[in-house]
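The same subunit A turns up in both complexes below, where it pairs with subunit B and then with subunit C.
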Partner chain A sequence: MKRINNFQILFHKELRDNLKSWKFIILLFLILGTSYAAIYGAFIALTTSNSTSLVGTVDSYFFLKLFLSSDGTVPSFYILVGFLAPLLGLTLGFDAINTEFNNRTISKLLAQPIYRDHIILTKLLSRIFIIAVIYIAIILSAIGFIILKTGLFPSTQEVVRLFFFYLLIVTYLGLWLNLAVLFSVIFKQPATAAILGITIWIFYLFLYPMLLNVVGKLVNPGPYANQYQILAYQEFMLTVMRFSPTQLFEDGTSIILSPLARSINPIANNQFVGAIPNPLSIKASIQIVWSQLSALIALSALCFAACYWLFMRKEIRA
Partner chain B sequence: MTIRNLFLATIVGICVIFINPVNAQQLQFYTTFPKQVVSPGEIVTYNVEVLNNSNQIITSGIQLLNLPDNWSSEIRSGNFVADEISIIGKERKSIELKVFVPQDVKKGQYTVRLNGSKANSLPLTIEVGKNGTANATFSSSQTNMQGAATSTFTFNASLYNASAQQVVYALQGKVQPGWGLVFKAEGKEVSSVNIDAYQKKDITIEITPPEGIAKGTYKIPVQAVGAASSELTFDVVVTGSYKLQLTTSNAKLNTDATSGVFNTVELILKNTGSSDLHGINLSVDNLSDWEVIFEPTRINTLKAGEVAKVNAKIKPSSKAVAGDYMLNIQAKNNDTSSKMEMRVTVETSILRGWIGMLLIVAAVGLIYYLIKRYGRR
Partner chain C sequence: MDNSIISIDNISKFYGKHQAVKNLNLQINRGEIFGLLGPNGAGKSTTILMLMGMTEATEGHIRIAGLDPQREPVSVKRIIGYLPDNVGFYDNMSALDNLTFIAQLNGATAAAAYAHAITMLEKVNLSAVKDNKVGTFSRGMKQRLGLAEVLIKKPQIIILDEPTLGLDPVGVQEFLQLIKSLKEEEGLTVLLSSHHLHHVQKICDRVGLFADGVMRKCGTINELGADILDGTVNRYQIEVVDSAENIREIIHSRLRSSLPQIDIRTQEKTIYVQGESLSMDILWSHLKDFENYIVRTERSGNTIDDIYSYYLDRKH
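Presenting the complex of A and B:
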């Protein structure tokens, strides 16, 4: 009984600290502003043009397309989550542990009758909880806005797919958060942890695609290659690209949000002989990107395990 | 001798003059067969010689008297209709008399008179040998036809209106339920035809047997009903129908299959026709790199009404993408075929899924191990 209370007290305190901090409030406005701009842009694009940007008629899977398409000025919501949201995870996590050491509060904290692993668990879980609340709020308010505006109502299929999309967002941001907390355990200075986190973020955002372009030019089979060489080249490039968590996230969302998509790899014509263009079941969609999803989940869990292990073994001087 | 001859000639001459005192100024009709026996509907033709025994030219009108109602007649000389005739003395002329005997005439003797204004009258007797009843004749040169149960039997017939009036004939037939019977005249479907007097019309009768009818000979009576009716019976010889039905044992036309793995579907072949089927082969439309194996691949004999089970082992290409594919399965023999469209929902190989699952389990297991090892310090 007492153990649960301790955990709750720590959890609530972490929440309070984070929600009151300026860096969080600034970032929250940034995330909310860009997200709503992306969704509203997609809404305008979907309702004004009669283009069948993704599938079928305008109102089929409207709620999915809302998070998937873009009006051309603002990137679509899922792309935005892919490159901007890691900043939220990094900001929440980079000073989680090391500030406690720098302020010398950790020894006071540990002097209390609480388990040591409760500290690291509440640090991680409270931040994941904040991320989860922000994104469920964004998604639900967007759906509510569309229902009010158009009178369309999401189908069960759409609701389930959006739920998996939401879980994927939380897992993806959890990965960045766990990484930031890991750095905050490793490095004494919050600035070092922050810079390293942001470096990795920028690396995947800008440098990795640039690097891939260079590699791509080197292994390009040239304009006279046959289709097998081109196919092999494309598959190689895709495999390399998937070493980026952002790419894994984007692969996953684009399949989960588009029921008509049947593969994320290039497809030869003869693989489509006899195929019927009808939507896949959610299970089938998840199976297509299961490698990507499991890689994300496993990576996230590994970072979590590393945080835990390093923190538990850390020497705490009074 | 001369005196005696002269005397006799004078006697005869006086006698002739006294017996036929008017003959000298009149024409005489003569025909070889003044009595003829005919059937109803026939035309009686008399060749009549007209004689002028006098020395002068005689002109006389000619007419036929005592002609019964509905009968008609015609007097011709060469190409001309002759109402009046003029003959030089001691000359003769031949005319042709035609009497049209109607169809609906009673058996018996009918006497008509050929009369002239300056001629003696010639009685002509027409004996109708039998009662004439039908005034319509429905006939076909070929009333028997053989074919499969699925074919259409087309008979050609002609309907003759032998009456003197225009008649509307209703066309009808007695068929069992399920049979199709269509009358066609001049290429159009009709239920009645209008035929002028003494004219005939070609009528096509199309008969379609019901589905799955047993082998055998079927009699189809058809009738033309007007003022009188005429019946015609067609023989339709059905050699039996060939029909095959292909479906699955649970009537579901979709199945799940994993790419690169055999998945068995039980198919059912049913002979729904009335004849036995021989040598049924099963085949499938080519989907690139797919494999479909039928067990057995060939059914030698499937008796009418019987069912055969075939196992289809479907292996989607290992490169097949997730989602639905349409697989066309066909059962075929020389007589008939049946096609089935089957929707195959392909799932990608689960091997990759297990590797991912293993990765997650390993990571979570690591966390569990760490908590066990370092927790609660």
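Presenting the complex of A and C:
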């Protein structure tokens, strides 16, 4: 029988531990329930408000709108991912390392013939794998549902854009997961790591928009401002908003899922002159949000580097 | 020929400004049970972690079967089985699953790991509870499972850090017997760290006395004992069949007639006699009448208690 290597053994164990944990099962139901509700709500809204989109034309981008639209009662899928999915990353990661120390299994594990970085890598990769499987399952099942209900098939453009949307979701959740694992390396108590992670999540969810509101009122150019002053004000506000990972994710998503969207920044009327209202290629859309995507990847890499470095240097005491 | 399997050459370990281990030199031979004896915080566990390559020695060199734990930690961990102080388990997994997981990490295929795990659980008398979650195990059962995890690697060296901590007396006896049998049957080298003097004395070939990060003395119990006997005051202990208190006065009065400075203490069935110029011949000349009442008479002074207090309590 072929022997699997130690990395795979650790990876499988992590997968098994996470998938069997109650916290994961509860959160999975929450994520699946809200996601399917959002997608079904969007489906109902799209089919009732715009029945012409069901004739099967490829330029209707029905499959993209499914993840972008809302029926008004449930937020759209991408908004839900933006504010609810971080909870999945935080829940999976907040006790990844500190539990090994608290249960005194770390010294036993490190006494086995494995490289120390395999521990942190398998903890991260197994959790990212779980996130990736959950969201690919949601997206594919949603596509399958639409095909069954309408007979429409996604165009190549839609499939490619949905694939990039999926990568964006995994990257975004990877950031929150890396942050949670970082806290689990820093803090001995899982509760402390969890509370700090949730505090940051709540800060960006509620407090940061409130703070921006206050700042917005302070720097508002007033009702008599000219077009350029208003434009500068809008750009300033958007720049400040983009210090939030959720905003970066929503910027990226709104462009990737909207082939007709040409900018995420405010545009002056004269900039529209001569523009042909054709859908953009996926390459052009990615170029628009490249800075947002690279910021998300960079933040995620930074958190990963920090937790890797801290874990490798962590002193093991008997 | 050099028979040492563990060779420690002048190692020191600093945690910040605190020096946990100071210039330690030690050789441990193949097939030997070596006891690291010392109070809590003496540096025993830090030394063990350095041997395992789990923490880096600030100064000095270590060789485990010719391997450097700092440069080749994975190779070293293949030949060492380590049972940490208060070993942890994955409580949500069964004993069998815990053991199979460790076996697989040590190179066994899934089928071989399962077979080894079953064998090891039998060896440590845990077969009946192999499918129970480890979270439900007692401290003694966990220690035995820990030993099974150590043995499943088929190591050349076993390092046990305070292995008898928290075990009941029967559990301690069983555990120590198991360790002794490993040396005798499989020729394993055992490094045992403990602050329980009698556990060390029972099974160790040699003992290293550790305090404040310094190895104060190293040798067999007899060698260490011989060093502290000053030759003037001699001590004997007499084990009797019944309460020692019953004959204490009689023996005291007899011995006092020839040795005025004699000192006698009793504890349950043992009489401790101490005095200048006291010898076994003198003792027996006064105890002939009690031959049937006496189980055993032996010279003391080289017990592990004496050695411990001499080197560690008095800080020589």
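Some points to look at:
The definition used in the following text is that the second predicted complex is superposed on the first by the 305 of 318 C-alpha atoms of A that agree within 3 Å, B and C clash if a C-alpha of one lies under 4 Å from a C-alpha of the other, contacts with A are read in each partner's own complex, and residues count from 1 in each chain.
FYI, a residue touches a chain if its C-beta (ideal position, glycine included) is under 8 Å from a C-beta of that chain, and two chains touch if they have at least 3 such contacts.
Computed from a predicted structure; not experimentally measured.
Once the two complexes are overlaid on the shared chain, A:Asn6 sits against subunit C while remaining clear of subunit B. When the two complexes are overlaid on their common chain A, residue A:Ala301 makes contact with subunit B while staying clear of subunit C. Legend: residue contacts after superposition of the two complexes on their common chain; A:Asp17 is shown touching subunit C, with no touch to subunit B.
Of the two partners, subunit B and subunit C, it is B that touches more residues of subunit A. When the two structures are aligned on the shared chain, A:Ile26 is found in touch with neither subunit B nor subunit C. Applying the stated contact rule after C-alpha superposition, one finds that A:Ala225 touches neither subunit B nor subunit C. By the document's definition of touching, neither partner reaches A:Leu207: not subunit B, not subunit C.
Applying the stated contact rule after C-alpha superposition, one finds that A:Val133 touches neither subunit B nor subunit C.
Legend: residue contacts after superposition of the two complexes on their common chain; A:Asn103 is shown touching subunit C, with no touch to subunit B. With both structures placed on the common chain, the touch criterion links A:Leu293 to subunit B but leaves subunit C unconnected. Residues 115 of subunit A contact both subunit B in one complex and subunit C in the other.
The touching residues of subunit A, when paired with subunit B in their complex, are 115-117, 262-263, 267-268, 270-276, 278, 280-281, 284-285, 287-288, 290-291, 293-295, 297-298, 301-302, 304-305, 308-309, 312-313. In the complex of the two chains, the subunit B residues touching subunit A come out as 285-290, 317, 319-327, 343, 345, 347-348, 350, 352-353, 355-357, 359-360, 362-364, 366-367, 370-371, 374-377.
Residues of subunit C touching subunit A in their complex: 15, 45-46, 48-49, 52, 54-55, 74-75, 77-78, 80-82, 84-92, 101-102, 104-112, 146, 149, 153, 161. Per the touch definition, subunit A reaches subunit C in the complex via residues 1-4, 6, 9-10, 13, 17, 20, 103-108, 110-115, 315-318.
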